[in-house]
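Chain lettering (A, B, C and D) follows the sequence in which the chains are written, and residue indices restart at 1 in each chain.
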């Protein structure tokens, strides 16, 4: 059974089905979308169980000829790294769909169709082993996200969504040129188009130094914009602030991971020489992002923007870890991606829940929230501490491993980054103190009975995330062992041709 | 043998000059019909070149005249359509001056 | 009494003189076309240009093209143009506003263009050039051979082209039937 | 002889079809349906003939007409273009009291010209074919003869078109004399063995300038926006696609075949022209608030992308021509689709195509808006649409060609990002703004709907499963 195709296209087929449902019955549409995303989730869990029995680097491999004239194939495969991200995607998808039940009241059908297409795109990116196919899914992600921010977003949504698209597009189009150049160099070297777009066939074969440098630069730009690395991050706060809650969640939870995944899966294994050449720059930019994101977060007055900037800071750890090129660093980077996906998604969900009640995100207006809604405050506190990197919760392990890796590579860098961990604790706790503790602010008081505590549905969206944060916090090896083989191959491919 | 008329170059130079005059007229005149007449000058320069080349280059003997006749036919077709357009626009705008046709820029 | 091949004193042949004469008329009349302030005179100068060119065509041994020039160009196209001029001239379009503002750069461009053509065509080696002034080469037979040989398709298509142009031209030039149909902005 | 007739049969069918359309118009009182029906029948018959000729190449009339896969490909593409135009135009024209018969006949004549362009093997036939294709275009631009804007566009289109024809023709004649033959292959042989002379350089310059006018490359583009904006919307769609594709066939024949030995001379010029064309077209399109004019400028940008393929082909990369041919097909479907959408918005005379008119259309007419979004995404080059694959194909060819072509490829993709801004802005208006007051009327006749649907199917199919077209293109070039 082609399980990977099934996982990728189940949401798309579901979206097609929903297109035929009457838009006059929004609740039918909502539950259909939820059902589809749950089925996809179940399929991905099935894949996760089945993967242990598979041998070889990539499990459940599927390969079909698609555009034979250029050797472009429909090639899918999954390994430890991608399976973890796939499950994260399918999990967050149904959580987002459930979390959208309340907030999305206009054009419900179009919303869920967009969301399901988005899910297909994201899953396709994680499962493609053909560069061309990967690129297509990469671009497909853009369109529904553009619509989700642009149609269901806040007041400045159009500015934010166009900025998001243009940033992403500039990077990805240059990546397309690099993909084509890579494919052609393969064709020129072997005299045939066969395998010219295939990651596995290309890996380790690109010897042209110019292509190594320019190819890496083009790929890295596309991924750096997506992560986003400093100085390409400016689209992110706008997009986060304007996006509807579920949009922010999926943006922080999955879309940013596409960049990190791209580095590990494509950019570095294809162009190791280029990667090593650029590594000092990438590390410097990562450290800047970590510090800059944290500093800017301190002065934010908008809750969502604060978390968006903290994302920039946290994602800096991901790129930092990747470019240490050692096992601790890369392990940490992947852990950080997954944990950031769980924690920040939770935080955005919580901000969204608060916004539902207050229709405001201004930190200055809040205060003493815990008095009225203790459960909400407790949950917020839990995710906050996870984000700060409290040992025992999952945020800690990733950042710790990255710093360990960075220390091996360059102690200075590690030192600077450690400082920021303290900074992060400061701004997040300071925010928490202003919003939740102390006497009830006049603004919140004015809301009266509207300021209710979390509902069971909302708890249902948060509970899986919280559970996983605790599990992975206590037993990070559960994750690291699952992608150990991926990291091993990555480190091999990242070094193999450098010595030449 | 003649010193000028017996050579190819003078005819081509004459054609080139006529073509240049025609293109000047096209670029400088404001009246659509004047511009059309300038184009006719250019096409005639082309015809002259075609005939001269046909007359002097052995492998093209006889073809120059055929080419020129076809160009005349094409020019006739162009002029037919062009004048019809000029008449149509004159009916709408009451002026043949091309630079006054600028509604769309406004 | 047969005239000498070369005119005394000038050192040029009769055909040279004829060529210079006709060429001079062509250029002068062409200047008249593009510089003439009165558009009707421009039209008449155009006819003169075309007529002088027909003379040069005869010199080149292409009497049949010269004939077509007179019949089609002068007889049809020029008359059509004159006709159009008369149809479209009105007091709204003052005759003195003949030139656009870019007349000076256009003149410069044209002078440069003429120089370029002159230098380029003069300096080019056109291979072995022989003036084929024999009846076998200049009669109608080789023209027919070309038109019904390699250029047969072009010849046939030219007739289709004229048909298409006439249909289109008729459509555009015909007075619209019936009443005006309201505002038609886009 | 009968073989020759068989070879020429598609061409003859188109011309006879054009005449039949006019006759049908005379004999039937119904002025709109009969001509379209006859024209579509002629198109169908021509398509069948072209398909039956298919892969085998045969020549007629002493080798001046060579039929084969190349002609079949171009012919079928031309038939699609004309057919879609004929489906979307009649309702629009009828609402404004313009006839359909002349439109159908003139389109068929232009199609005949395009077929000759594809089949021609010598300069003379090529030129006459080109004129047969472009002269009907002047008539079409002025088709709304009572509308000052239409005639204004037509007069500019005609004057610049004839001017460029004269320039091109002078170049062709000088080239013909310098090479001593009219045959395209013969010219290539002569040029490859001879030395480049000053006369030849002049011929090259004239041909380049004339061709640049014909394809509307910067800086010879300034007639396009007026001609496109003034013409009746469905005809603008045709003008932005049909003559453009034809002009690129001319470029393939002149530059890639005949002038190939001089590639080192014309490639640098073409690279600069292509870069300027894309960039300027996109930058100006960015500032337009009228969608029709925006599409006109964006068609200039697409000219630039197509030129990338020509440059690659000049550098010796066969994929360059293949890319141009594929791009032409993709561009035909997506651009005609976009204009069909605009046509639908101009249900009644006087309806404008300002961006603000489109506001909120996604809510009132979701199906129409989704189709529009497909065309716009394809024009942007977002996968999995035809436009994405087309762009990829020419860029691939340019990357393969290497050297200046690669730089051009990078310029092309950066331009695609600029283009994304203004194409997506239309989508913003369609889906993200509140509906305009008064709401836009949308015409949805069955023919218009069919035209839109064909364009949409083409746009999606060429993106999802490009293989059949790629194979057709490669086969077309094999001969």
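Here are a few things to note about the model shown:
Here is the rule we use: a contact is a pair of C-beta atoms (placed from the backbone, for glycine too) under 8 Å apart; a residue touches a chain by one contact, two chains touch by 3 or more.
All values derive from a computational prediction rather than experimental measurement.
Put simply, the chain closest to the centre of the protein, by Cα centroids, is D. Centre to centre, using the average C-alpha position, chain A and chain C are separated by 71 Å. Centroids built from CA atoms put chain B at 65 Å from chain A. Spacing of chain B relative to chain C, judged by their CA centroids, is 6 angstrom.
Each chain gets a centre from the mean of its Cα atoms; for chain C and chain D, those two points are 31 Å apart. Residues of chain B found to touch two or more other chains are 12, 19, 22-23, 36, 53, 57, 63, 66-67, 70, 74, 77-78, 81, 84-86, 88, 91. Touching two or more other chains at once is no residue of chain A.
For chain D, the set of residues touching two or more other chains reads 124, 127-128, 131, 135, 138-139, 142, 145-147, 149, 154, 177, 180, 182, 199, 229. Under the touch rule stated earlier, the contacting chain pairs are A-D, B-C, B-D, C-D.
Note for the complex: chain D touches chain C at residues 15, 18, 22, 60-65, 96-97, 102, 105-106, 109-110, 112-113, 116, 120, 122, 124-125, 127-129, 131-132, 135-136, 138-139, 142, 144-147, 149, 154, 177-178, 180, 182, 197-202, 229, 233, 292, 346, 349-353. If you check the complex, the residues on chain A that touch chain D are 66-70, 107, 110, 135-136, 139-140, 142-143, 146-147, 150-151, 157-158, 161-162, 165-166, 169-170, 173-174, 176-177, 180-181, 183-184, 187. Residues 11-16, 18-20, 23, 26-27, 30-31, 33-34, 39, 42-43, 46, 49-50, 53, 56-57, 59-62, 64-65, 68-69, 72-73, 76-77, 80-81, 83-85, 87-90, 92-93, 97-100, 102-103, 106-107, 109-111, 113-114, 116-118, 120-122, 126-132, 137-138, 141-143, 145-147, 150-151, 154-155, 158-159, 161-162, 164-166, 168-173, 175 of chain C touch chain B in their complex. Residues of chain D touching chain B in their complex: 124, 127-128, 131, 135, 138-139, 142, 145-149, 151-156, 158-159, 162-163, 165-167, 169-170, 173-174, 176-177, 180-182, 199, 225-226, 229-230, 293. Only residues 12, 19, 22-23, 26, 32, 35-36, 39, 42-43, 45-46, 49-50, 53, 57, 59-60, 63, 66-67, 70-71, 74, 77-78, 81-82, 84-86, 88-89, 91-93, 98, 101, 103-105 of chain B touch chain D when the two sit together in their complex.
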